[in-house]
Amino acid sequence: VRLGEVAELLGLTLVGDGNVAVTGVAPLDAAGPGDLSFFVPGRAPEEALSATKADAVILPAGVESPLPTLVALNPLLAAARATALLRPETPPPPGVHPTAFVHPDAIVADTAHIGPHVSVGAGGRIGEGAVVRAGARIGDEAVVGDGSVVFENVVLYDRCRIGDRCRIHANTTIGADGFGYVPDETGRLFKIPQIGLVVVEDDVEIGASCTVDRAAFGVTRIGAGTKIDDQVHVGHNCDIGRHVVIAGGSGVAGSTIIRDRVMIGGHCAITDHVEIASGVMLAGQTGVNRSLTEAGVYEGPRAASRREFVAFIKAGANLEKLKKRVEALEKKE
Amino acid sequence: VRLGEVAELLGLTLVGDGNVAVTGVAPLDAAGPGDLSFFVPGRAPEEALSATKADAVILPAGVESPLPTLVALNPLLAAARATALLRPETPPPPGVHPTAFVHPDAIVADTAHIGPHVSVGAGGRIGEGAVVRAGARIGDEAVVGDGSVVFENVVLYDRCRIGDRCRIHANTTIGADGFGYVPDETGRLFKIPQIGLVVVEDDVEIGASCTVDRAAFGVTRIGAGTKIDDQVHVGHNCDIGRHVVIAGGSGVAGSTIIRDRVMIGGHCAITDHVEIASGVMLAGQTGVNRSLTEAGVYEGPRAASRREFVAFIKAGANLEKLKKRVEALEKKE
Amino acid sequence: VRLGEVAELLGLTLVGDGNVAVTGVAPLDAAGPGDLSFFVPGRAPEEALSATKADAVILPAGVESPLPTLVALNPLLAAARATALLRPETPPPPGVHPTAFVHPDAIVADTAHIGPHVSVGAGGRIGEGAVVRAGARIGDEAVVGDGSVVFENVVLYDRCRIGDRCRIHANTTIGADGFGYVPDETGRLFKIPQIGLVVVEDDVEIGASCTVDRAAFGVTRIGAGTKIDDQVHVGHNCDIGRHVVIAGGSGVAGSTIIRDRVMIGGHCAITDHVEIASGVMLAGQTGVNRSLTEAGVYEGPRAASRREFVAFIKAGANLEKLKKRVEALEKKE
């Protein structure tokens, strides 16, 4: 693709020779002939820009290079778009692999791909252009929306639904029973049947080895545009809003509400039956033991404000000294 | 089913019209015609009871409603039992799916269901009425007890055993090698062969994406009636007692003993070779670095009593102020 | 096998009758006739040595037993080697199971085992003596090295590579997309295409339900000899060194560098774009929010030195008392 075409397709300003051909995108230090690279101030040193072997570069306004240049307000966004343009994912061909099992009462779009050893249960529906990769299981009456990709060995339990243009990575489980028991007269745990379901809305990405549990009654929801990293757990009856970000290893316990655009760092643990307001950001490993109704950055066990938590850790490191100062004062008395 | 029959089958007192037909169970705010609902004081507001569109309701003694009522000591338990009665899980039909592979030396009960793409190794045994869903693997000489359900893509390694009436959710792994190495003369890690196994006793439920490792020698045990949430890890040679509860994302390191009825919150990390006594409850994210021999509620890293940990966090938030008070005293000297 | 042969093969000194036959290895308290046992001071009480029913024993120099004895500098290492000798893993027979699907453009060594319901994509390569167990997926152009074992339902995404003599346990995912987005002009998250790959070097073991993400650009690397427990997450573009140990439930966020021989306890959370120096050991549940450039043992959120963290926790438990002492001083003013 000629650089001029990339500029046109992405709506960027071209500076220099638009006839140079670009075939890929790479960071400054890894780029070679044929590559379009990009410079994001703060993410790479300026020297990398002068040393790069790329054939063209995406720059923010005000930064210059002798290379043919695309000027972008947001060079990282432009680079992501250029990558999607130059290195599009090739979808596997439509059709059902001969080793797959599709129940006669399931509906699979002609344009969908069903990989080896996939099974689709009775009443399951696979949308236009959807891809269900090897070993995945789509349960009875479960739905995979148009253009979604379900990676290998994902399990979608009966009646659960995935929207359009979602990506669900390998070995993730959607719709397993929520964790609900009630002690019986003898003290043994009696299972509360989990008869609800999971709805994953459009444009959601869920990483590998995640677990999103079906509701006891009703729905566990993952809102449109939300992005979830690997190894994340979402308990039954949770309501996760739109454009939420949850990093790896975090867990949200049952019936908790996460509002739109909340950002959750890695390895956070959020308790059940609470609500996290829009504008909240949780640092990694934050423990949330109550509702957080005010926007802000939180950190630490029992979620303090980040500022307070940092002060606490800092003061804590000097506790021994403080104790000695108190002892000194006591001796003087 | 008529409400009177539900009352009889569950041993509850009927107040009002026993002829009303109920077809499902739902919470007060979600219930509609045909539904039996339930009121658990503290879990739902009283207004929900008067506003519900349910046709009948389960109530604790002393609470009244114009609806036909079942009076229960424990309305949540009664609702769980009613759900199991009215909305029983329909087991898939007995038989081996044509895409499954059952080794000729395996024994599968005639009443068991073996789903698509399942494989059962040599000497494997699948009990009466057991269900092994799509893509699961039952290893050589591994055993699935009567009435147990093994969900999709679960892996049961060779020789491991699951008792009767268990539920093992999707993508869980039982019997992978424990994590044991010893440095050799050159400092490289030499693997300690893991030749033991895992025994899961009767009536255990294990969530999705869990890992229970096989013993180095001997047995890793999960005691009868124990309930484990998603994404839980149990290391090699652990001995988990009966009726233990472990919430999502927690891990128990090797050779640790968890006594009967211990309750472990989410995202807890318990070290190896320790013992947790009956009567212990761990709050979410608790770190356990030693044996806990006394009953009680624990919280925080290095497991303090919950009371102490809350006091610590509270005092910690005022550490800066305390420091300033000490400074003020010092100045006065 | 005669004990004398074991001594010879492992290079150990024999004391007593070398003609005794040994068929297995077991700990002192579990050993019976035919077993070779082992005594590691500190790991078992001395009484266990006199009470054992083993037929022979591995001892450190200076410890004696009436049983036929192998004297070893490192009895645990010797026991591990003896176990590997007496109870070798029997590899499944070479060949491709009839239910597996191997793409015609894939190359599978004649000596490799491909289990039931495995699929190997176009251009995939499976090395000599490699074992790919039931339900695993080897992606297009992905590589499994000689002698490696890929357990059930593992997913190796396209183009990712596993070296020689590795073990990858069940339900682990290697090569899922890294977690990278950039907000677009409307505030929605635009996906940064993840076009890099994962390289797992030789002699690596990775536990069950792990996730190692492919690089955005370039390579996510797991160095030779490294051992990873279950439920561990390694983010995109991480560089994990050689002979690193990572215990269960830990996570390493994107682009972080872990140097050779670092030891990471369970449930640690390490942030992105940092570097952990050789000689660092992280206690369980440590949070690492910055580079650690000095060797030592770290613990706690925001990784303090273990000594400091223990002092902090200890002093914290007495904070209330300290506050009262300050109050007492203030009253005296």
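So that you can tell them apart, the chains are marked A, B and C in the order they are listed, and the count of residues begins at 1 in each.
Throughout what follows, contacts are C-beta pairs under 8 Å (C-beta built on N, C-alpha and C of every residue); 3 or more make two chains touch, one makes a residue touch a chain.
Because the structure is predicted, anything quoted here is derived from the model rather than measured.
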C-alpha-based rotation, chain A on chain C, 0 to 180 degrees, nearest 5: 120
Fraction-based call for chain B against chain A, same above half, different below: different
Distance from chain C to chain A - Cα centre to Cα centre, in angstrom: 26
Centroid distance [mean C-alpha coordinates] between chain B and chain A, Å: 26
Sequence positions of chain C contacting 2 or more other chains: 99, 117, 135, 153, 171, 209, 231, 249, 267, 301, 316, 319, 322, 326, 329
Contact footprint of chain B on chain A as seen in their complex: 99, 101, 117, 119, 135, 137, 153, 155, 157, 171-173, 176-177, 179, 181-184, 187-193, 195, 209-211, 213, 217-218, 231, 233, 235, 249, 251, 253, 267, 269, 271, 287, 289, 301-302, 304, 308, 311-312, 315-316, 318-319, 322, 325-326, 329, 332
Contact footprint of chain B on chain C as seen in their complex: 25-27, 30, 74, 76-77, 79-81, 83-84, 87, 89, 97, 99, 115-117, 133-135, 151-153, 167, 169-171, 205, 207-209, 225, 227, 229-231, 243, 245, 247-249, 261, 266-267, 284-285, 299-301, 310, 313, 316-317, 319-320, 322-323, 326, 329-330, 333
